[in-house]
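What follows are several structures.
Common to both upcoming complexes is chain A, partnered first by chain B, then by chain C.
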Partner chain A sequence: MAPAVNQHSVGIVEPRVARFTEPLALACGRDLATHELVFETYGELNEQRSNAVLICHALSGNHHAAGYHSPEDKKAGWWNECIGPGKPIDTNRFYVVSLNNIGGCHGSTGPTSINPQTGKPWGPDFPPLRARDWVNSQARLADYLGIDCWAAVVGGSLGGMQAMRWSLEYPERVRHCIVIAAAMKLSAQNLAFNEVARQAILSDPAFSEGRYQEQGTLPVQGLALARMVGHITYLSDHAMANKFGRDLRSGSLDQGNDENVEFQVQSYLRYQGSQFSGSFDANTYILMTRALDYFDLAREYNNDPVEAFGHAKCSYLVVSFSTDWRFSPARSREIVNALIAADRPVTYAEIEADEGHDAFLLPIPRYMDVFSAYMQRVGATN
Partner chain B sequence: MRLDLAHIQRWIRPGSRVLDLGCGDGEFLQLLRDQRQVRGTGIEIGEREITAAIARGLNIVEQNMDEGLGNFPDQSFDTVVMAHALQAVHFPDRVLDEMLRIGREGIVTFPNFGHWRCRLYLGTRGRMPVSRFMPYNWYDTPNIHFCTVKDFEALCEQKNIRILARDVVGNTDRQPLFASVWPNLFAATAIYHITR
Partner chain C sequence: MAPAVNQHSVGIVEPRVARFTEPLALACGRDLATHELVFETYGELNEQRSNAVLICHALSGNHHAAGYHSPEDKKAGWWNECIGPGKPIDTNRFYVVSLNNIGGCHGSTGPTSINPQTGKPWGPDFPPLRARDWVNSQARLADYLGIDCWAAVVGGSLGGMQAMRWSLEYPERVRHCIVIAAAMKLSAQNLAFNEVARQAILSDPAFSEGRYQEQGTLPVQGLALARMVGHITYLSDHAMANKFGRDLRSGSLDQGNDENVEFQVQSYLRYQGSQFSGSFDANTYILMTRALDYFDLAREYNNDPVEAFGHAKCSYLVVSFSTDWRFSPARSREIVNALIAADRPVTYAEIEADEGHDAFLLPIPRYMDVFSAYMQRVGATN
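The block that comes next holds the complex of A and B.
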């Protein structure tokens, strides 16, 4: 049986494209004259149009969050564990909307799209974006789909930042905000890792100052290296030790043996890097990491998160994972404490998990229980 | 519904804000929400209890009282409730201070270690009491700070905490006859409504 045919799967899904011809004003001061968003939906919108859930993707995510693209497709969407019949975001109950953000490289307008003014790919000239630009374009998608108010806006990592931004920018259009493994802003350590990733790309000669599409080259080395660095920060020390330890893939450390030694973790990282560099755009990666760097939830609110959340009207679920050191539980507790001080309804769970930041993508039993229980509440008030 | 919880309901004004420290599965907060339109928040550390309370549609924050309550602003709740948890925290005196910093009023319930059964058990057997209501051994009990009605009232006096009301429940559904007269001897559970 094909994996797509499964009572807990949304099955075969087909991406759709929405085209927007009104200029989108961006935080950087420039306009995007026209843009397209590629998105998928799962489940049915109810008559009151009150059961819609928006999924905001993270750094390297896309619109394909659940299901399969064909019966032969072996790889499900990136959040298939959490979206589907009987899963936390239950498609028997909710109408789920998942898009590829502008600036992305999976079909929405981004650096690989043609700049209508020049007739060439945007490349490095694509306007820099902030999380609020994504939120504004997502609001247009909501209009396009006839959704006045989301039952929930949900996101992990950078997606959680968009969800929080939604709750401040469109307080009337969000009933519940679900923020998983996120933070109100990056730490210096986070910024540092992102800079290493960007430098890896920028220093690849094939990057050609971002005009590799026109040059017919691809900075695969740089992008792979960037992904390798990123990937290390998604895993915990414990998870890496468990998965690879010091196991050797080839060679020997015996004395009197001079052949090259390769550890399992080396080959794993290189595989991850090369897989990624074949399917992702380098300019998008730079743009996304910058948006992540610039995000600071409370900047416009006198740097006071309590004042910021004072503008929100929704209820919040915040979830963190014990071994996540990229966005640690302490960062989530800052969100929770600001919400408490702002007198917003908040629920918080800190999940024991060995998998580090990646845990938010995995079906960890307690995580699934908490997520499902909260989504029941979201559904109860549809 | 545990007897002590049924008793303390009447001290909570409809529509007020309540913080429940160690809220368990949220049964009490749900009752307050459904019958008294209370806006409630619970804190809890038990994983199953947290999930159950979330499923009831309550606002629950996973937080360990022993690591402080400093994230709750001064006087941000009308009432702070702590039912059957005083004896399980590391610093009961500090938690009492925190309760009355966060809330205008506090409600505390705890098992009274001065109950005659405890005294009899300790007096005749010379061993720490184990009963249906306190089923743990001394070495594995989560209850690390047992006190009596007299102990609690002495602490309140020392801290200038005003006792607005005292209530007691026995081991059965019947109101214990002597408990209101000699609470330290006959109250199985002591219930205090306090403020500063």
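The block that comes next holds the complex of A and C.
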């Protein structure tokens, strides 16, 4: 057994696959004739089917949010800190559902899947997606699992955007909406960083206009660069200073020694980039960043977030982190202000944390306390 | 005449070239056997030769700081707002010298120059440079022009770092040091962005390990990406929001319309990137970002900025801008605190400005006032 598989872990988990054969109409006007969703569940669905919690993943996330895939598995799911026995999303009380979204590259139907019409990988021809498409496909998954109403829909970053969209599109099917480190729409600076990431991929000759699978190439350099840019925006200046400062990995900065100078932070970033580019699909990355760019919670509600949230019926927890400069606390306060004006019950916590946007993945004590306390309330209103 | 060539302009200017045939010893241990510097001057050197002001340029700057190159020239020099009759660096009173640094790509000896030992372009074999190398070559230019002591050495960003280095290396040759939007060394986040920029260039196949001139290729994609990343860090989140918001250049964000959606900010960034990559040398960009990375004002002074500034004899003006997140006001305050502790005369102004790091190039009224007032004082202590 991996040492981390203990009483606080959901233990060994196994992904399942749900296959949907009814066409899924997409926001772009096209539809997916059939699609598959890979998902995991943790905990037990109660008799009333009232304790289900949906986890929506962010840009590079997937269905494996908690536990381990084998006794030898050293790496737990991406939100293992928050999901498990005694953790904020307590699997002793909740039935947790975590999926890989359509368009993803971890088992659900996406650009690397075979397009049934051509017999070849979809690649760049996979339909563009909006957050609402993910929400609609997640609603299908809820039907498949016999869940009429989620106790909570939960997400950080892009996941928080899906959670908000759930509360507007399916107000009868969400009791609580938990929005962590998110925003109602991207800022110009957010859009700019996403554009750099996409251009890095598009300009890699190995990208082959998105047909790299057919060509037998992989745009590893472009994807690595995209990830490096993203990674800088996930960490705060402060966190980088604490973690790396100006420490050298090799060489010396003394005069006469300009060869082989390498800073720790630079080596770390390159490592992160190359790890990512070996495990993530470039077309998925492009598709996901476009969905982020196009997300605008209130667009169809006269650009009025208060009008938008007027359609919701659930309660909200909104959480932000002090050094998050990707989706700063100011962006969360915009959500909270709109919720208050729309007369929705909302709890807001701004957590002091040095770790920037990445803080939403980390077991920061006050964050865990706030999250746990709110989830207790979710349980109490069953 | 270009309409902008008026009484507030230095008018039509002509670059000059100074050729140096004594070897220049570099910090890396190698030397440049000969080198050329291209420079411009504005205003007249007075009889006492006491009114000379040196302009040090930043990452992508050059010698053309003010005025126009021809009556048809529509674009003034890069610091035209600050240099000219009646402007902060008043050419009615000062003799202004502005050069392209060695390692540059606008006429001074750099990677695109011919290496006399091989008869081919230096390319990636051009020696790595430190800010002190630029300062030493600028001192040669001062000798060439018969200037024993600068009334002021002035620079923004990387230029401010050179100005500070001048004050330590040649304390007898600088009366005033003007440091705008700079820092004593890069932060981990700064280092990270520079690494992304370099990796973008290095991973462009057209870079050809730096021998693109010989190969007849140009790493335009990599250089464009590098510039896009840099550009985001020059602008504040606020400035981008004001200038672009989420405005579209083409397409529509309505459902069913995902084709051809392009945000203004994304189109702008790509334009900036492609403009830059057509006019700047990739090896120079790499060399300059490395010099930035390696700059550490106090490294040879026991890492003690107070000890470092203890060697200086000049007065200082330090200026920062409220929304500059590349070199934030906090970084300028570190300089100011060290100067105070070292008992150096220092004036500090933090300018409220929305424009981020780029503010140092713009005619922001309070900035112009502070800068002009300080330069009056420079004049008064001739």
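Quick note on the criterion: the second predicted complex is superposed on the first by the 379 of 382 C-alpha atoms of A that agree within 3 Å, B and C clash if a C-alpha of one lies under 4 Å from a C-alpha of the other, contacts with A are read in each partner's own complex, and residues count from 1 in each chain.
Criterion: a contact is a pair of C-beta atoms (placed from the backbone, for glycine too) under 8 Å apart; a residue touches a chain by one contact, two chains touch by 3 or more.
Because the structure is predicted, anything quoted here is derived from the model rather than measured.
A.B. asks: Which holds for A:Arg366: it touches chain B only (first), chain C only (second), both, or neither?
C.D. replies: So A:Arg366 only meets chain B here.
A.B. asks: Check the residue A:Asp258 against both partner chains and state whether it touches chain B (first), chain C (second), both, or neither.
C.D. replies: The second partner, chain C, only.
A.B. asks: Looking at A:Ser315, would you say it contacts chain B, chain C, both, or neither? Reply first, second, both or neither.
C.D. replies: A:Ser315 contacts chain B only, not chain C.
A.B. asks: Is A:Gln376 touching the first partner chain B, the second partner chain C, both, or neither of them?
C.D. replies: A:Gln376 contacts chain B only, not chain C.
A.B. asks: Once the shared chain is lined up, is A:Tyr348 touching chain B (first), chain C (second), both, or neither of them?
C.D. replies: The first partner, chain B, only.
A.B. asks: Quick check for you: in the superposed arrangement, does A:Pro171 touch first (chain B), second (chain C), both or neither?
C.D. replies: A:Pro171 sits against neither chain B nor chain C.
A.B. asks: With both complexes superposed on chain A, which partner does A:Pro23 reach: first (chain B), second (chain C), both or neither?
C.D. replies: neither
A.B. asks: Residues of chain A touched by chain B versus by chain C: which partner has the larger set?
C.D. replies: Per-residue touch count on chain A favours C.
A.B. asks: Which holds for A:Ile340: it touches chain B only (first), chain C only (second), both, or neither?
C.D. replies: First partner only, chain B.
A.B. asks: So which positions on chain A get touched by both chain B and chain C?
C.D. replies: Shared contact residues on chain A (touching chain B in one complex, chain C in the other): none at all.
A.B. asks: Please name which positions on chain C make contact with chain A in the complex.
C.D. replies: Where chain C meets chain A, its residues are 27-29, 128, 130, 132, 185-189, 191-193, 195-196, 199-200, 203-205, 221-222, 224-225, 228-229, 232, 235, 237, 240-241, 243-246, 253, 255-258, 261, 263, 265-266, 269-270, 273, 290, 293-294, 296, 299-300, 325.
A.B. asks: Where on chain A does chain B make contact in their complex?
C.D. replies: Within the complex, chain A touches chain B at residues 315, 333, 336-337, 340-341, 343, 345-350, 366, 369-370, 373-374, 376-377, 380.
A.B. asks: So in the complex, which bits of chain B are touching chain A?
C.D. replies: 41, 47, 50-52, 54-55, 57-63, 71-73, 76
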